[in-house]
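Scrolling down, you'll hit the structures one after another.
Two complexes follow with chain A in common, the first pairing it with chain B and the second with chain C.
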Partner chain A sequence: MSLAGYEVEVQQVGDGGLRTEEMTLNMGPQHPSTHGVLRFVVKADGEVMREAIPDVGYLHRSIEKISEKVGYHGFMPYTDRVDYVAAMFCNQGWAMVCEKLAGLAVPKRAEYCRVIAAELNRISSHLVSVGTMVLDIGAITPFFHAFREREKINDLLEELCGARLTYNYMRIGGVAWDLPPGFVERTLAFLDRFEPMLDEFDDLVSVNKIYVERCANVGVVSPEAAINYNLVGPNLRGSGIRYDVRRDEPYSVYPELEFNVPVATGELGTVGDSYARYWVRMREMEESARIVRQCFKQMPDGPVIAKVPRKFKPPAGDAYIRLESARGDMGWYAVSDGTEYPYRCKVRTGSFSAMSIIDKISRGLMLADLVTLIASLDVVAPEVDR
Partner chain B sequence: MDEAAICERLRARFGERVIEANLTAKDPWVLVDPQAIVEVARYLCDETDLGFDALSNETGVDYKDAGYIEVVYHLYSYPHRHRLVLKVRTPRDNAEVPTVEAVWKAANWLEREIYDLLGVTFTGHSDLRRLLMPEDWVGYPLRKDFVEPAEYHGISTRRESLLR
Partner chain C sequence: MQAFLDRLIAQGYFRGVPTQVVYALGIVLAAALVIFVFVLIMAGVTTFIERRVWARIQSRVGPNRVGPQGAVQWLADGLKLLMKEDLVPVEADPRLFRLAPYVVVIGFLATFVVVPFSSRLIVADLNVGILYLTSVSSLVVLGILMAGWSSNNKWSLFGGIRAAAQIVSYEIPAALSIFPVILITGTLSMQSIIQAQGWAPWDWFVFHNPFTFLASLLLYTALLAEGNRTPFDLPEADTELVAGFVTEYSGTRYMFFFLVEWGNLYVISAIMVTLFLGGWQVPPVTDNAVVLNLLQFLVFFLKAYFGVLIAMWIRATLPRIRVDQLMTTCWKYLVPLSFLNLIGTAVWVVLFPNGSSVMEALMTLIGFGLVGYFVHRVRFHLRRSRAELTWSPFA
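Here is the complex of A and B:
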């Protein structure tokens, strides 16, 4: 197969009469730093990139089309596969859009269960992000520190729902199971260990001169470009815009919880560079830990799922919801025609917009910095392709 | 500003070209003439008190029985924290909508996806290629009358059930 427009560049003659050539390089689809299957066509002049054109679609599993065939309840396990690094948010998004279509209220305790699961998942997703980012740049040890902690969260979430990655935990109208016995104590014990580990990670990586020099001032995204390209979540806050769907368009029980929205200040480097995005993620993990602690203190007793008919038929109409996933503002759009099957479902994900900006900001970067850029934008390929 | 006020502004500015509005829907929406979409988008983005600086989502829905494809724009304003749903309708057999890429860059990929999966041609788009499907794919998978081909480059798309 060929890609129209990507033919090898013509040869040029430089000033000194030396023949120079613009190289067209192929990066991926199998490449350790692309975090999934994803290809870049890079046009490079020596070490400097002229452009890097993303070629996506290798992980397209037609999840939106599947929704039209399996019904509202049956689609829940498929949503896990939209973003398998942070599947809780996809569960929650689908549940929320269905609840909005049907005008369904969710029990308080279920909302708390959702927030606990989601925030734990946010920590584990950010650990993958920062861990692989340092790995991509060349430091191996911090990756193991991050993944050691993530493994503990996987254990906790496995206790909660029986799965380590594709959780299928939430249901339309609530969650599948209440917290298992001893879950609160074990999670608190984990958080007691995890919070000091974040400081350790900061000492090891965040102020490491080599790391900072590799990331600072690389791939700067201005706030205007971030909004115009619809960058969301940590990428948007990395560009200096204090916006978080949890705080600014509150949903679930977030209005009852206290947390800060970290935003990049550009102390090391510039606002909007790769380091800023990394730094925002580190701070967000602290906030997530705070949220989980508060949830345990505040959550009421009661049922964890509302009465929902097995044949779920929301009235005809459409609805759009947004939630703050680990990769930022995630949009779910669903259209109902009054039958048991969704008429149309669309997911707009954070990685999708992050991927579309790479073409613009990669121009003029060094080839090795492309890896930093992809990692700092926290692009998860299945979320782009769906 | 709430949706009703925004809708009033649009009606005052664009008159007949605002075809329909549903302000009681779960997400209130405004249906406009596809030929006016770029002007409407530019107006919503540039007026300071409207300030719709972000295209949160853009997608298409195939209403086969009604004979049209609906392109849905979910807009959001960061300065004012308000939102609006814009819709345009285009006939299925000649689906064509002008691109809003010049207003919101985010539309570039979102429109490529709609072109890829629903076959809506966005006139004036800078790079209208398939995004997710292979470029030699025939047909538009999210159209309601799409039939999955039996094979692709000699690879069968049929699998026998493993449960027997």
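Here is the complex of A and C:
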């Protein structure tokens, strides 16, 4: 039969010749729950999906290529746009890879400033993730509660670096500014309020019968699949694998800090389901708050930036660093040819590998579960394409 | 009214038509106008109140620009929608597409024929009132299905099919939960059902016996599902189906769908109040019929609006359930429980033909105990999050 000019192959089912065909749905790039511009081509049999093929590339901005034209210092603001929900980590990644290229040592206080900013950013990023996940499942209020808390973190980070979303806070060799006066008190006051609010969020959402029914046992990623598909960060820990770059390949001042790495245990549902990933993010926010408190206690005085020449020319060679961003193990690779401009830069992000597993685990799920799955994998569109 | 019609007849406007028919038509027309205006204002104000209630729950301000505290925001929204271009997609079935909103509105407005406002204020006290109500409200499904199919959009189709499956399924527990009341009263007329109850809470059918108490909860759940309200708002699940069956609609037709959605809230609550919460019954405080009717109207309206507020609160709190869970909830839990209620009430009516005053007192106590516990929990949470509630986005 022909549909809108296209010939469609139709299957004959049963003796009566009842003709059925799979419905091809175009989900995105403009769809309310694709969190930006993602596209899925969904083959649906009624409400059940046969497959959902992700189509990436709608948000490609050639950020890696830009680095080759703007130089090492100049590339820092562009890194904000790699993952604008958690821009601090991209700042940190670029700073770290340049420092490794040049063999620079970073002052201790700068490292603490970086960790404080990054962990606050991790909290705000996870708040976006859990908030939008609950919104995608249909509850409106928790989304606003999460964003209310995020707003306060945005205020704090605005004090720190003058921007609320694209921070451009870190520099090669340190950070741009020291903590402003009163920042410690205001952050501690925020954390004092934030931790009880997390409990309230748990009361409102995490034990909600409908919410648990919607997330538990939906989109189960086995530990093997998680490793094979290269899942990282909360998605990997949601599958029950205790791996965190901060703990296993420590960078910055993380060895001096005490924190747990939450891993899903499958109390509600199974290990590796959407609920487990959500649960890991909730617990990680508590740990981040703990880390920030420790940083304030342990922070030494001193300069916040090393002496770095304005014309930054690292020796020829290459460097790869990894750090634990809000979406997991983020890799930065840079090749220097000894000039002012990087020869090549490459970012390895968690969202891209999370996209690739959707095709595998979405088979046989309901249409509504695809939305849950995308949200629980915390796919951020700009990070997929860069 | 009569004088006006008499003058028209005298001027020879209705030559050859019996006077009684003119009177009847005039009354029907007047009633239709009154009801339509009431529904328009009520549904509009409900949208505004819902947005403000949500805003309060969600630490936001909500619309507060148009009129005092944004009170005429709904009017501005309505005018905006009226002025929008009325688009019909090229690939859509234009006749069905244009017809669908009217079918929905007709199905919804027809329910108001039997919705009582006070002991005198009712368009028609049909002796099959509640049966009529459940029947005509099914017209809404037809309209939604038409809208979903004719849009020629896959998301709309999903919405329409979901709506049909959902509303048809939930008609069954809804009807089965109405039966216990009919068993007790032996009538289908809305006014007679209210007259069988009293003004005091222990005279209400919700506290008549344990089965009616359960039936009232089941009925409210089932009616929420029929009205496409959260947690059963699957037909227009915005994060899954873009906007469900209204995806392709714009302007006035879009407004009609939303008029029905918010107006339906009042109908749902009115059914609940009529069947279980004593309707318009007030203590006999005055002999003046006008004052008494106004008082009854006020009591009925406040009770019904309380139900509307609960629906808003539920919508602001609960996530949406999945389509298979929707069916599971209906067929595996609500329907068997409704049957249990039906049998239980039948046995109860045989055992206590005039109702058991001990059980009524006990049920009332339990009901008030539940309300007390709820208030206690609310106070607990208010204390815990006072700092958050006083937090202002403008500070």
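Simple rule for what comes next: the second predicted complex is superposed on the first by the 370 of 386 C-alpha atoms of A that agree within 3 Å, B and C clash if a C-alpha of one lies under 4 Å from a C-alpha of the other, contacts with A are read in each partner's own complex, and residues count from 1 in each chain.
In this text, contacts are C-beta pairs under 8 Å (C-beta built on N, C-alpha and C of every residue); 3 or more make two chains touch, one makes a residue touch a chain.
Computed from a predicted model, the values in this text were never measured in an experiment.
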First (chain B), second (chain C), both or neither touched by A:N154: neither
Which of chain B and chain C A:E213 touches, first, second, both or neither: second
Chain B versus chain C as contact partner of A:L25, first or second or both or neither: second
First (chain B), second (chain C), both or neither touched by A:N168: neither
Which of chain B and chain C A:S356 touches, first, second, both or neither: first
Contacts of A:K100 with chain B and chain C, given as first, second, both or neither: first
First, second, both or neither for A:A139, with chain B first and chain C second: second
First, second, both or neither for A:S62, with chain B first and chain C second: first
First (chain B), second (chain C), both or neither touched by A:D329: first
Touching both chain C and chain B, counted on chain A across the two superposed complexes: 4
Chain A to chain C touching residues, read off their complex: 4, 23, 25, 31-33, 47, 134-141, 144-145, 148, 151, 193, 196-197, 200, 204-205, 208, 210-211, 213-214, 366-369, 371
Parts of chain A lying in touch with chain B, wherever the complex brings them together: 1, 3-5, 56-57, 60, 62, 64-65, 100-101, 225, 227-230, 241, 243, 248-249, 317-320, 322, 329, 331, 333, 335, 343-344, 346, 348, 352-353, 355-357, 360, 385-386
Contact set on chain B toward chain A in their complex: 25-27, 53-57, 59, 61-62, 72, 74, 78, 81, 85, 104-106, 108-110, 117, 129-136, 141-142
For the chain C and chain A complex, residues of the former touching the latter: 54, 57-60, 91, 154-155, 158, 230-231, 233-234, 237-240, 242, 315-325, 381, 384-385, 387-388, 391, 393
